[in-house]
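One chain, chain A, links the two complexes that follow: it is found with chain B in the first and with chain C in the second.
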Partner chain A sequence: MLSLHQLKGMMKMNRRSISLLLLLLLVVNLTACAGKREMDELGIVGLTAVDWDPKQQKYEIMVQVIVPSRAGGGMGGSNIQLWNATATGKTLMRASKNLRSRVSKKLVWFHSNLIIIGEQAAKKGLKDIIDFFARNKEIRYNSWVLISEYPIRETLESNPRFEGSLPSEIQGLIENNKTDWSESYSINLKDMLIRLADDDFDEITGRLTNHRPQLAPEGTYEQLDLVKDVPVDLRDVIALSGAAVLKDGKLKGWLDRVESKGYLFIADEIEGGAIVEYSKEKEKFSAEILSNKSKLKPEFKNGKVSFKLEVKTDVAITEAITKLDLTKSEDIELLQKDLAKEVKKYIETTLKTAQQEYNADIFGYGNAIYRSYPKKWEEIKDDWDQIFPTVVTDIKVEIIVKRLGMISQPITKPQ
Partner chain B sequence: MSKKMKRPLTIEEKKRKDEEEVLERLEEKYLNDIDINNLKVYSSLEKNLVYLEALFSKASDFNTRKFKLGDEEVKATLVYVQGIVNKGFINDTILRELMIVSRNQDLKLSRSYSNLIDLIEDRLLTMGTIERRDEFTTIIDDMLCGHAVLLIDGYDEAISIPIPTREVRNVAEPETESVVRGPREGFVESIDINLSLVRGRIKTPDLKFESFRLGRVSKTDITVAYIEGIAPQDLIDEVLNRVKRIDIDIVNESGIIEQLIEDDPFSPFPQISNTERPDGVASSLNEGRVSIFVDGTPFVLVMPSVFVHFLQANEDYYQRFFFSSFVRMLRFVAFLVALLGPSVYIAITTFHQEMIPTKLLLSIVASRAGVPFPALVEALIMEIAFEFLREAGIRLPKTVGQAVSIVGALVVGEAAVQAGLVSQAMVIVVALTGIASFMIPAYSFALGVRLIRFGVMFLAASWGMFGITFAVLALLIHLCSLRTFGVPYLSPITPVDWEALKDSFIKVPEWFKNSRPSYLVKDDNQRIASNVKPSPAKGDDEDE
Partner chain C sequence: MGAENTTISIQELFMLMFLFEIGSTTLFALGIDAKQDAWLVILVALIIGLAFIWVYTELQRKFPEQNYIEIIISILGRGFGIPLALLYAVYWLWPAARNLREFGELITIVALPEESLAAILFLFILLSLYVLLSGIEVLGRTSLITLPIVLIFMLSIFILIYLSGVADFNNIRPIMANGIKPVLKTAYPNVAIFPFGEILICSMFWCYTEEEKLIRKTAMLVIILSGLLLSFTLFFDVSVLGDYYTSVTRIPLLRIIRVVDVGILTNIDIIGIVIIFLGGFYKMSIFLYGVARVVATVFNVKNYSRLLTITGFFLLWVAIVFEPSYVFHRWMTPFDTNYFYITFLHIIPLLLLFINWIKERINILSEG
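Here is the complex of A and B:
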């Protein structure tokens, strides 16, 4: 009897659970695959460029869309077609919507990791532009923001030499600069946003320029024929060199390679790979930086603010044409002093350019004062623009030669 | 007419009358729906034979052998079912003893027996076991299980001699669970051999075999095996209870028992494992689990079986522990891949393209370019085609099976991609999923995973990662609530049992596995003596 009762209970429960299951299945249908995007409907935006047309008073937005094709036989990323599009509009959103009238694919931005801003737009001001990008959920905050000295149209049409597409080519340049070259400095959207939001912290980011290849083109050229009519080997390629300095989001000017290196020393952003070189009389040296540690400290003396910069660098000698005996510690010390002088020179040049020429606090001096002396900062905050160019920085550079390379003694003496 | 009636009955007429009486009684029993077998044996041999012949009419393998017993020439008959009894025994032993040796007996001695049946039991039949029966129920059951039954005129008792025989496959390597290292013997279809294989591995009187018959028609031998003192008594009682509750007509395979005693028949996950390997059963019994042997199948049930048991193979215990642990973790990964592989692919490619690294995205898009179906349909086509192939490969004769897999690989794999019907990425995902599901050692468990996969695919296509999360959560909730013979299905993970976790996703070295899993064994937990960790002999260097 009990079992019969239980059986009835089970049947009831089953009916209930089955109807619940059916209801759940209905819910699945009701969603109608909301938010679904099939992959082949996508136009994947690889990079976005923005410029300002002063004549029309309109923004111009340019995108490079990556359209993979199956022609070459399926998987294999090399078969990429690039498609450039441009549109203008009073606002950036209008411009980007105008783009859509020309595209059959659904444009998606989540793989765009590059925002290139033209010189005109940068001069007009970055704040409007960054506001648009930072607000958009499809844009990654780790997208690089670069400023192009070179006309944007031609930037987009230039030839990626190694990678299949321009975005990955530029990405590669940035990565390479970080670890192996250190003569430029790029920041991403997040850092740009932070700096723009802070009135006393000015912006610096990488500068895109062009470069005419000197050697005969290689195989990679032939795959892409983006610009009509121009023979492939006459086209420029993109290069990253130096940095753009902005004040309050407006482009002030450029830092050249040496100044950029100096900036990296001050900002403690050297990851290695940078070189220090000097020649004195007939001696010649170059050294590669292994590791670097910079310390920036504000000090107040007689109500005047000054900065103390301590740079500690380990280097490896890469070239040495000298009479010095590199196995002797006195000689090495001499060499270290000379190298330190050289580094100091880089830093001084950079400081001079930023303070005198552009009056842009790209080093975060103001922030450093605020962190160490918040009360005093409140007093001088309003006059910071006047104070900054006059701030004196006491630079101490200590260089330690860690390695001499595979050979310790020079094989040639200066003649 | 009336004159004829008074005439004494001839032998033939008497026989006919007997027959009529028995048949009448049979008919009456039939009509009243009473168990016709619930009859006592008659003292008249003729009546007994009529009855049996009526029961076994049209059964051509039913055989009666009439003969005369002893000097007194008592009528006797040996009845048996041909084919399932050992003919050699009947011819050379039983009939010989009864027909020839019985004549040469010193009958003076034998006369001291008032009962001929006692005499036969004590002095004539040289068989290991014989049983005396006085009910037709048992006699008929015996005959159908390979006994020869001796009926003697004038006695309402019969002697049942068990001489069953049956064609049995040799003990061979199990086909479903092969090993590189480990015993190569597997169970066969005979329950006696199967029990002996286990008994040979566990030589203790505590190993109990409780046997009974199940199935109204099949009368299949079932044996519940356990080690007394290790397996908890309540578990044994519960298993016996559940098995004895079964009332079914035929039990052909242990799977039928499994379906009738499992805890949750609607769960996609099996709660009872099956194995073809005696070593597996032996070690399970030693872990305090109970197994059920069913005659006629090499698959032995082992219960309770929890989640981790289905991801373990016997060989894990025989290989060194580093590799065993590695393989076990791989299996867990394979379980996840088999469960979620296509769904994650669908979810990511239709909802979360931003999760894929750009270059990978580009190559996936490139491979999908021109495919006319949405990802879900594409995945369904491939998955179903794969299931076709798999099922066809199993059911077909082995020689044809190979041809199927070649055609399948060429047509479905190569041509479909060439024709642009499916993308290469999808082929890779489906193939990977298929291989991953082969990684799961327990076939019954893999079947569940294969099935759930389709449900998750639909959820993934409707809701993306959210749908997958939903499915995984639902599965987790189900697994947490699932119980098998009182043991939580997710033990030893939850409720956590650190000691038993040593033998779950990893397998610690034998010397470190101190106790039997406590979620199974309550009392006798000690597994290995302490301080058995191997080390080089101590003191050799110091002595010199």
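Here is the complex of A and C:
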């Protein structure tokens, strides 16, 4: 420790330099509040959408902006002001600068966690678009990247139903998909970047569609009143359904909901909520997945690569219109076999679509070979596009019925 | 503030060296040339680093009361020693200026994009001078507070990333896909020198500690712990970003922090900035201290405070003027690691030890 005496000595020695330093500190004041951003000057971007206009050969960029100063005019903050702004340009940066020329607020991207790419832009290629986003320091790496089936203009005109804004509505859909129904698969910007950079992995992400309610307008009573004045074509609601398949960053096509489910089984991404259903003659079953574990392994036999997929799934029976006695173990075994067959069918459909129709390695087969057999991958990687469609996958599905629901025997017999 | 009454406890020495080693490593993906084996590269380089720690501390043990420059002069004599010492001053000024510049750039990129670089660097130097003018032991004592902060933040980042479920440990496989050669190639000289070799500058103040016998043990412990931490960082960088994106992204640590999403814990960039800033501050300050100490030793300067202040501002000037852009900076990196650093950090200390050994032999022979 310093003694008081030493301290005094130090002070004396350095009095001059200290006062000089203090004087120099005044410089700090001269910069004032450089770089300050006031809340009411900001336009907080909630989502960013990009599309490509083939006629004009221009990118179209669209943002949905939340304006804080208007948001929550009272204590509750119920009516958040949201608006869409669009601009076009030959490059994305041009478009985003053009966008700024139409916005009086300073746009900030810190809270944007959705990047929506229109079908046309996705067909043209994602690599250019993603490069722009990856370079930008405000864009969060955990933003979801989704592909919109319709032009983004139409998609973003949908009304949020349950949430205050469209971004949080879409976010809710993604979260729900993970835990409740598992029939779509979305990846974030970071994973998209990794997959775009790797040759051994093709891209897949969620498909955003507009969906027009078939029944009377959905919504709360309050909204029903509002809807009366809205033209019918604006009553669209947004939905997440299936997935988009890309190869080398270019959109190849879509996976429907069952195929997406098959994909989730292969990629071991099922967290719960997905169902298996089938009907045999007059019997009908459905089961909800409680937990799932899939293992994908490459194997080399006579120089040819093949894959082994092992799926182990625990389910709970949710519907059973059957003659089977579900308290008997041999009947349960029969049921388990049938369910497994059904799951196998999902997986086979997905594999067929990805291999034959799109030739897109969305499962990361190439990646799996590289991870386990790096030397062999070096040999075959140049011909991978020809090899991939011919790769045989040996699928083994094991299903265990864990629960029967609140009743153990069917109430009605099949009719 | 003469050197005579300066003492540093062994704990302070440990913490100072640890912070020095963390330094600016957080800014880069070290050893990423070996792709997903980067973490392995660090471990290999760590062992090489330990070997050189033995060399540095062996020199120190032969001349316990002297700093590195005094040791050079004792071994080579004034005729050869002083020019070499001055070369060391010039050489050490270079990483100091680069460090300063790097952190100025970092602040510009992540926090104050509209601020002028010169103003940021100026404040940085001012803060550093403020601490150093009170002596290296004060810097040592501040590290007692800051090192735990840095370590806690680092560990919490790893934990949060793990909890976010964004780390895919498959990205680490396959281990050594192309054999051990790329790993060794990247480990030496690149990683073995930066950051492990750079610790040589700490031998400018090793002589101030009273527990000389513990210097070697402490330095080795620092190398091992910081190496493990660094290896861990690279492990997480690659498992989150994949090897390709780890190699192209500007500041991998900040990138992996950006994907943290645990409940309300998102956008915690500030934790990363604190780590990077503190590491950079200590590294730059130690370099600055070292350079001034070299000059003071060579010219026997009495007024050390003034010398330090002048050196500080000279450093500021070098940092601003000598590097036109970040692109130049990246272009320069392999060049100076391969030629300058290796000479000053590995070849010269080894030669010194060898010459000293010969001199001892001759003495023994002539006495015998």
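The definition used in the following text is that the second predicted complex is superposed on the first by the 358 of 415 C-alpha atoms of A that agree within 3 Å, B and C clash if a C-alpha of one lies under 4 Å from a C-alpha of the other, contacts with A are read in each partner's own complex, and residues count from 1 in each chain.
Everything below uses one rule, namely that contacts are C-beta pairs under 8 Å (C-beta built on N, C-alpha and C of every residue); 3 or more make two chains touch, one makes a residue touch a chain.
Since the structure is predicted, the reported quantities are computational estimates derived from the model, not experimental observations.
In the superposition on chain A, A:M39 contacts chain B only, with no contact to chain C. In the superposition on chain A, A:Y263 makes contact with neither chain B nor chain C. By the touch criterion defined above, A:F132 reaches neither chain B nor chain C. Applying the stated contact rule after C-alpha superposition, one finds that A:W254 touches neither chain B nor chain C. Of the two partner chains placed by superposition, chain B and chain C are both touched by A:F110. When the shared chain is aligned, chain C comes close enough to touch A:R371, but chain B does not.
Once the two complexes are overlaid on the shared chain, A:S168 sits against chain B while remaining clear of chain C.
Once the two complexes are laid over each other on the shared chain, residue contacts for A:I66 go to chain B alone; chain C is not touched.
When the two complexes are laid over each other on chain A, chain A has residues 28, 31, 35, 110 in contact with both chain B and chain C. Residues of chain A that touch chain C in their complex: 10, 13-14, 17, 21, 24-25, 27-28, 31, 34-35, 110, 137, 140-142, 188, 190, 193-194, 197-198, 367, 370-375.
Those residues of chain A that touch chain B in the shared complex are 28-29, 31, 33, 35-40, 42, 44, 46, 66, 68-70, 74-77, 79-80, 108, 110-111, 113, 138, 164, 167-168. Of all the residues in chain C, the ones that touch chain A in their complex are 1, 109-110, 112-116, 119, 122-123, 126, 129-130, 133-134, 166, 170-171, 173-174, 177-178, 240-242, 244-245, 255, 258-259, 261, 266-267, 305-306, 309.
Every residue of chain B that touches chain A in the complex is listed here, in rising order: 349-351, 353-354, 358-359, 361-371, 374-375, 417, 420, 423-425, 458-459, 461-464.
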